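Heads up, the next two complexes both have subunit A, just with different partners, subunit B and then subunit C.
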Partner chain A sequence: MWASASFVGVLIVIGVPLWWKTTEVFRVSLPYEKINAFDSEAHYITTDLVVLANDDRTAVNVAKEIQKAFSQSDVIKLRVTKQIISETLRQTLDTVIDEQEALEEIAATFDQKHNTLYVVQRAPLLQDVWVGTERVVFFRDGKASSTLVSALDKWIYEPSVLQGARSESADAARQVRFPSSDYHVVLSVVNPKPHLMKVEFDAAEAVEDYIGSFVDELSELHNFTLKSQWLYLLDFDFQPRKVIDKSKVGYHYAIRHERLHLLLTKLEERAATHVSELPTVNLALYVTQCDMSPAYIYDTNNQKVESRVQAFMSPKWGGVVLGTPTVDECAEGIHRPKVTQIMGTFLAHLRKLIGITDKESIQNGNLEALRSVAPRRWEVDSLLRIRTLEQVTSAETSLKSLAKLLGEISNIVINEEVGASINIAVQNIQNAKNLMLCGRLLEAYRASQTAFIAAETAFMDPSLLALLYFPDDQKYAIYIPLFLPIMFPVILSLKNLILWFRGKLPKEKVD
Partner chain B sequence: MMCAKDILQCTLLIVSILIYSEAIDIPEKFQKSNHTNNWAVLVDTSRFWFNYRHVANVLSIYRSVKRLGIPDSQIILMISDDMACNPRNPRPATIFNNAHEQINVYGDDVEVDYRGYEVSVENFVRLLTGRVPPDTPRSKRLLTDEGSNILIYLTGHGGDGFLKFQDSEEITSQELADALEQMWQKRRYNEIFFIIDTCQASSMYEKFYSPNILATASSLVGEDSLSHHVDSAIGVYIIDRYTYYVLEFLENVHPNSKKSMSEFLAVCPKHACISTVGVRRDLFKRDPNKVPITDFFGSVRPVIITTDSIDIIDIPKRKNNVNTTQIPEKRAYLPQFPVHLIQNTV
Partner chain C sequence: MSKFRNIIFLLFLISQTISVSSDDFKEELYIKPLPPMHLYVYFQFITLITGDTYEHSHLAPRSLKEIMSRFQVEELHLTLTEGQWRHKQWGYPVMDAAPGAELYAWFAPTVTDVNANWKKLSATLSGLFCASLNFIDAHNTISPKMALTPLGAMNIGLNYTSQFARYASLPREIVCTENLTPWKKLLPCESSHGFASLLNSRLIHNTNYHSIGVHIRKVCSNNECTNYNFEVKQTVALVYDFKIINSINWSFKLLFGQGLFGGCPLSSSSKIYIDLTSNDTLPFKLSPKPISIIQSQRGGSDTLLAVYDIKADSPMINIGAKHSIDNKFSVTIPPPLHFNRYVLGYGKEFGGIVTEITNTYWAPIDIILLENAPWWLPIQLSTLRINGEAESSLILKQYYSPGRSRQRPYHLELLMRLPPKSTTTVTIDFEFVFLKWQEYPPDANHGFYIGSALISAKLPTAKNYTSIPVDGTTLESVINASKPWYPAVFRTNGAMVSLPTPDFSMPYNVICLACTVVALAFGPLHNICTKELVLKPSGTPISLRQRIINLFKKKKD
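Moving on, here comes the complex of A and B:
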């Protein structure tokens, strides 16, 4: 009897719990309560706005109008302060003729920092509102406040885009821009018939100077790697149609809109952009052949696109410029693309792909056209706001989904490393949230980026699938055939054991 | 009393007519999809020469989706054996999907992403969920997002509730359903069209529980999927019945075609297929009648014609050239005969 008792002891009392414990799915404890309490719709960003006016009444009025207009917005909160322009500054502002010079005066007086916008009165202005490249908005007088509000709403703060960044479904702007990360920008110059046409274009220098100068301004946001390459003999059939017109040559070739997306597929075959592990922004200069020159793109309404540079872009992919050699160039056999025009188009593409939206025009408002490659300072702020909200929201949804999946699917392993990165993400989401409330934009962006990367690595960690070949039902499928033969006699002996324990076991017969 | 009842009936009739007329008044034939890109995951799970037909199946589908516009970078092709280079292949470097060897589906532009023993359950699930090892190249990743429509095509040998991979392991329907759920939770797709051509194929989609999946299978549980015909020169069955009829259908589809998904789902009737084609549409929100086939087989590439260009006046010059990587050029001719190797030994 002692023998069978010891079998029971080893197998059932020690063995079963040990087996249960050792085959358990390993999961470190996670802050489920914090994760489930996330509410992406509740995030908002505080931003500073300083009203500088010539007299106290205008300052109060304008500040009140702006505050009233943005009081309903739940995604951006304005912290408006009022100041009277000092006498000396006002005199200099009134005397300088050019807005650009006035801008420099302001920049010299106030130190420009992230997330602070100066709304400055400037009486000699021709329009109601003037916006340049710095974080300064000029307005003429108290009557300009409605234009001022719409400029703030449509150009500078763009609450609708911010709302799109933190919502579940992608809005129009989010469908165009790349998701946040670092980027690999490739400029490919495509020369389909190098033996017929020589292209004089220093792609490496153009990328370095134009794209490089542009991305340097965005170094706070993303890391970029830049590359340029030449692709030869990449022949694409545009199926152009000859159209007689009134130009000097007398005809041009029409490229149909429906053919354009096929060019992207063709380019992708050769561009080898997946060599980089970062998402690639493709920029391609495709030099069309002379037998279809001059070529023009026709839009969906079958109208000729009247533009100096024939170009198109594809959301989340990149942009293409068609280099169209002139008749003279064709005769000579050398095509010299106009670098500033082409790079200007590529930059317009790049701006949209990175997330700088197009600005619609406002009546009585003047948005100074860009003259250099650098983005406007307030556009960088706007980008920081969009990306911060987007990254916090994305990190939150990742963690929430992960928490939900852990409940649904039993064999997901959460090891210490993944647990640590989940905790980092939760911590940084909290930090980013607080920093957004205080209006410390740059720090909030960095916290959100850390949270985003940590949440992403936690969700995508290969170790989550460690028990892929060992689902829960296998726990029984493997062990039961193994142990059942041993367990049978043990379980059968239980009855006798219990009887013996109670002292009721019938005495063995002694013959 | 009667009058009131009549009026009630009359109003009901009018209301129902109104509703009905509204229901049939759809401006476009198709419902608009809000996907922004298309991906395809095409998997052949079986090895060995006598499974030639599975490779032919998957390569035929590969060629069709490529023809309809999905670029190679957005097609993940998994082929578990190299039939083209199999020593038993009487026509090396070719794979045919039709008797008389009309169409060589291997061609010269097939980009296989996972091949041979790389085609495993683990790699397949890792691919779907995105949990790949960090050193995986981008071409081997499924880089889909919330706007992606994914076509998943599986072929091989299956049973009730599993699909065999290689000859050593299998993926269960539960594992597949869990993998798709993880994709949904991470917003890795907009819609999925799942096609499976194996025996008892419909058992694989029965456990799906994530939304926006339309699934079809070549056979119901308890049925075998059969092959179509033998090519006597190659000596093996060269295509499966279901895929054969699917291809026949896809032959008449072109990138701008107006065929709907329900036409695709009706392909291969029982008298042709011998097995019954299974369809699961309860997870799919749209009506397959109104979904164009190009939502899954073609590729959307929204193209925006741009006319705004920045008029750059200050020509920039990048100041800091610190970050640029200078690759030193190392070029030399190799000796034509490896004399330097002999010198040491003599």
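Moving on, here comes the complex of A and C:
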């Protein structure tokens, strides 16, 4: 019986755990509880709002109205403070005629910082509400509070967009953005017939001047690298249709909206976007040929798009402007694109592509039109908020998916490096959450970015797949001939062994 | 060698000035009959990048500029070749290339981790050209000490060759259409216009030898050479076999499937050069007639070149050659330097690589031989024999870096002076090694390729020499370009060895057999250990079971 027991001891008590340990897939211990406890829907951002009014009553009223309007929102929490405008400032505000100058006065008085918005009373205002490029909103009096609330809701805070960023669902800004830490912006000038038409356009200068000064303002968010290239002889058949109209030339060519995505395929072949590791925002100026000039894009309803610049954009790819040479230019053989118009269109595309939404108009509210290429300051804040939520959510989803995959597929290896980046991601998600609650937006953004990058690296690490395709049938082909004949007698002997242990083995048989 | 290099730099000091307005693109085609049965066709597309920014590109491909800037590459040579150039029969090509894929580059002296950049560079190029360059790793990369020198302008005084240079070749790589398509996309005219429209992949892969290449180097932008421009040269070399095209008379339609519809509208010059030198022995007539015929005297050899200048709006041209019927029998005279390489040995224990280098010239020729053996082919310096002798006066200088298993290849460089009218045999022995079963490539019984050896020579004569001088960019610079000597880097033919290859089902068979033995042995062993034979007293009442067993036993008896 001792012999039998020692067989059991060696094979089952020592052997099986040893086999289990040696064939185990290596996994670093991961904070599963924390990952499973992630709830993207619970994130919210605290933001500061300072109400500056001429008298105490207005300040209280306006602050109350704003607080009431945003109390329901679970994605943005306002921290409203009230102040009375100092006498000197009020006098200057009342005497200065131009709003822009008034804005500069405010900017000089108050230290402008991220995530803080000043709502300032300005009695001589023509409209109820005036919004400029700084983090300042002017309102006329206490009666303007409803317009003020809708301006905050639709222009500045945009809770619906933030909700979209939080839940990774579609929203006004969602359709076009893709998160990354750095971007390449490539302007491609396409000249399909260089022997018939010369294009005089300094692509390098245009992209540095216009796009450069725009992205400089966004340097807190992303690193942009600006590039330009020329593509020749990239011939695309638009299949234009000649339409007779009442213009000076007497006709124009219609480009059907359905053909346009095929142009993108053609551009993508040559644009060399795949060479860089970073995502690329493509801007393409396609100079159409003279035999289809002037050309107009017809929209889905087969209506001519009345615009000075014929352009379209594709989410996640970029924007395309069709440069149409005039009749004179065609005769001369040189096309000189109107740089300001074209770059303006590209800027509009770029704004949308990185997530700045188009603002709808509000009755009695005036949103000052952009005078320079730089984005408005509160738009940068809004972009920071969107990105922070988006990156935290994306990191959380990546980690959750990874945790789920690990549960479902037992062959995935998690090595030390991947484990470390998962831990970094979890830690930074936590940090970003706390910073969002405090309203420290810039720091929250940085933490969320670290979390996002760490989560992506962990999820995309090739080492995860090292053992994924180890075939099970080969494993059993080895285990079965080895274990079946050995384990059979050993397991059968267990019965006797148990009886012997209990002392119930019939003694007479032994004698 | 330092003198050799310094002269290159001096040549650069007198290089031409280039306008700074915009990139410049040129396309050229060089056709040379290789009597009796072959035709050499060489395309080169040169883009001169002006301006110092990497971000903005005009005619140059943005993808290459991106790669150059990201990995800080100063000079880059990539060739993808199928077939073997036969130097003895065909003379010398404009640019030689090793069979398979070959990549070498010089990095900027500011690069701190050259190996990391090299790995990333090869991986990126692998994606760009759809080639398996991602297999380039530390274990097949060497830093050439003497054999390779940069072709471009470099700062004098820095030893570029060793520290920042990397060389690797993948002789097993198969080159096909999927490499040509991305290569064409780098051209400003792509394949729609110009000479590149002749590169019809169905026909150019039906040749004896085809090689595509991308060569990027620096050229001086002013006389003082204080500023540099990058020159991107894309090449295609083809050797047609008259037997394959079924005719000794060739024409563009026969070679490329179509005539040439004008040059690329973006090129500043589109020229076709046809070497008429072989007309003496194998007379042929060109149609249409060339615009001009240039005579070039270079290093003691006379060359006649027919020139066609193609404009963007030229009508379709179908250049062809018709041979007169009375073919004279011709003997090919081998070039001043030719070589051969083969593997020695029998069995699976030891072998040897032999490189035979023949100098047919009346004066000695200095060469540098670079042998690059993979780690699984350990070559020992002690077995090096020159013409059978261990100590040879032919070796002027040598460099040897032993390989390390799975980490580093064996690297041997010999600076030799070949005596006139002689054949020098360089033999080095190797041992066969066993690989781990995962290290065998698919179809391991096919054999293992050894990369070509590099032979860097200073040729005293330009006989059969077609390369472009180092200070020139176009084929035009070949004309009357006599120099004291002519630098050339040749690749010998590759070779194959068959390493001891196991039966790959063996491990599984062994496991199955071992399991069966264990299973068979374990049963009795377990029984003996755990059971004992006990005498049974007779007369005890027999159980029902025992009775049934007894019944069967009786029946058997």
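Throughout what follows, the second predicted complex is superposed on the first by the 442 of 511 C-alpha atoms of A that agree within 3 Å, B and C clash if a C-alpha of one lies under 4 Å from a C-alpha of the other, contacts with A are read in each partner's own complex, and residues count from 1 in each chain.
Simple rule for what comes next: contacts are C-beta pairs under 8 Å (C-beta built on N, C-alpha and C of every residue); 3 or more make two chains touch, one makes a residue touch a chain.
Bear in mind the structure is a predicted one, so any value in this text is a computation, not a measurement.
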item: Touched partner set for A:L482, first subunit B, second subunit C, both or neither; value: second
item: Partner chain(s) touched by A:L233 [first = subunit B, second = subunit C, both, neither]; value: second
item: Residues of subunit A touched, compared between subunit B and subunit C (which is higher); value: B
item: Partner chain in contact with A:A3 - subunit B first, subunit C second, else both or neither; value: second
item: Touching partner for A:H274 - first (subunit B), second (subunit C), both, neither; value: both
item: Shared subunit A surface residues [contacts with subunit B and with subunit C]; value: 269, 274-276
item: Residues of subunit B touching subunit A in the complex; value: 36-37, 69, 71-73, 121-122, 125-126, 129-134, 137-139, 143, 145-147, 169, 172, 174-175, 178, 181-182, 185-187, 256, 299, 301-321, 324
item: Subunit B-facing residues of subunit A, complex; value: 169-170, 175, 179, 208-210, 212-214, 216, 257-258, 260-262, 264-265, 268-269, 273-277, 279, 297, 299, 305-309, 311-317, 319, 340-341, 343-345, 347-349, 358, 369-374, 397-398, 401-402, 404-405, 408-409, 459-462, 464-465, 468-469, 471
item: Touching residues on subunit A, where the partner in the complex is subunit C; value: 1, 3-4, 7, 186, 194-195, 203-204, 207, 225-230, 232-235, 269-270, 272, 274-276, 478, 481-482, 484-486, 489-490, 493, 509-510
item: Partner subunit A, residues of subunit C touching it in the complex; value: 53, 55-59, 61-63, 66-67, 70, 124, 127-128, 185, 188-190, 192-193, 265-266, 312-313, 511-512, 515-516, 518-520, 522-523, 526-527, 529-530, 534
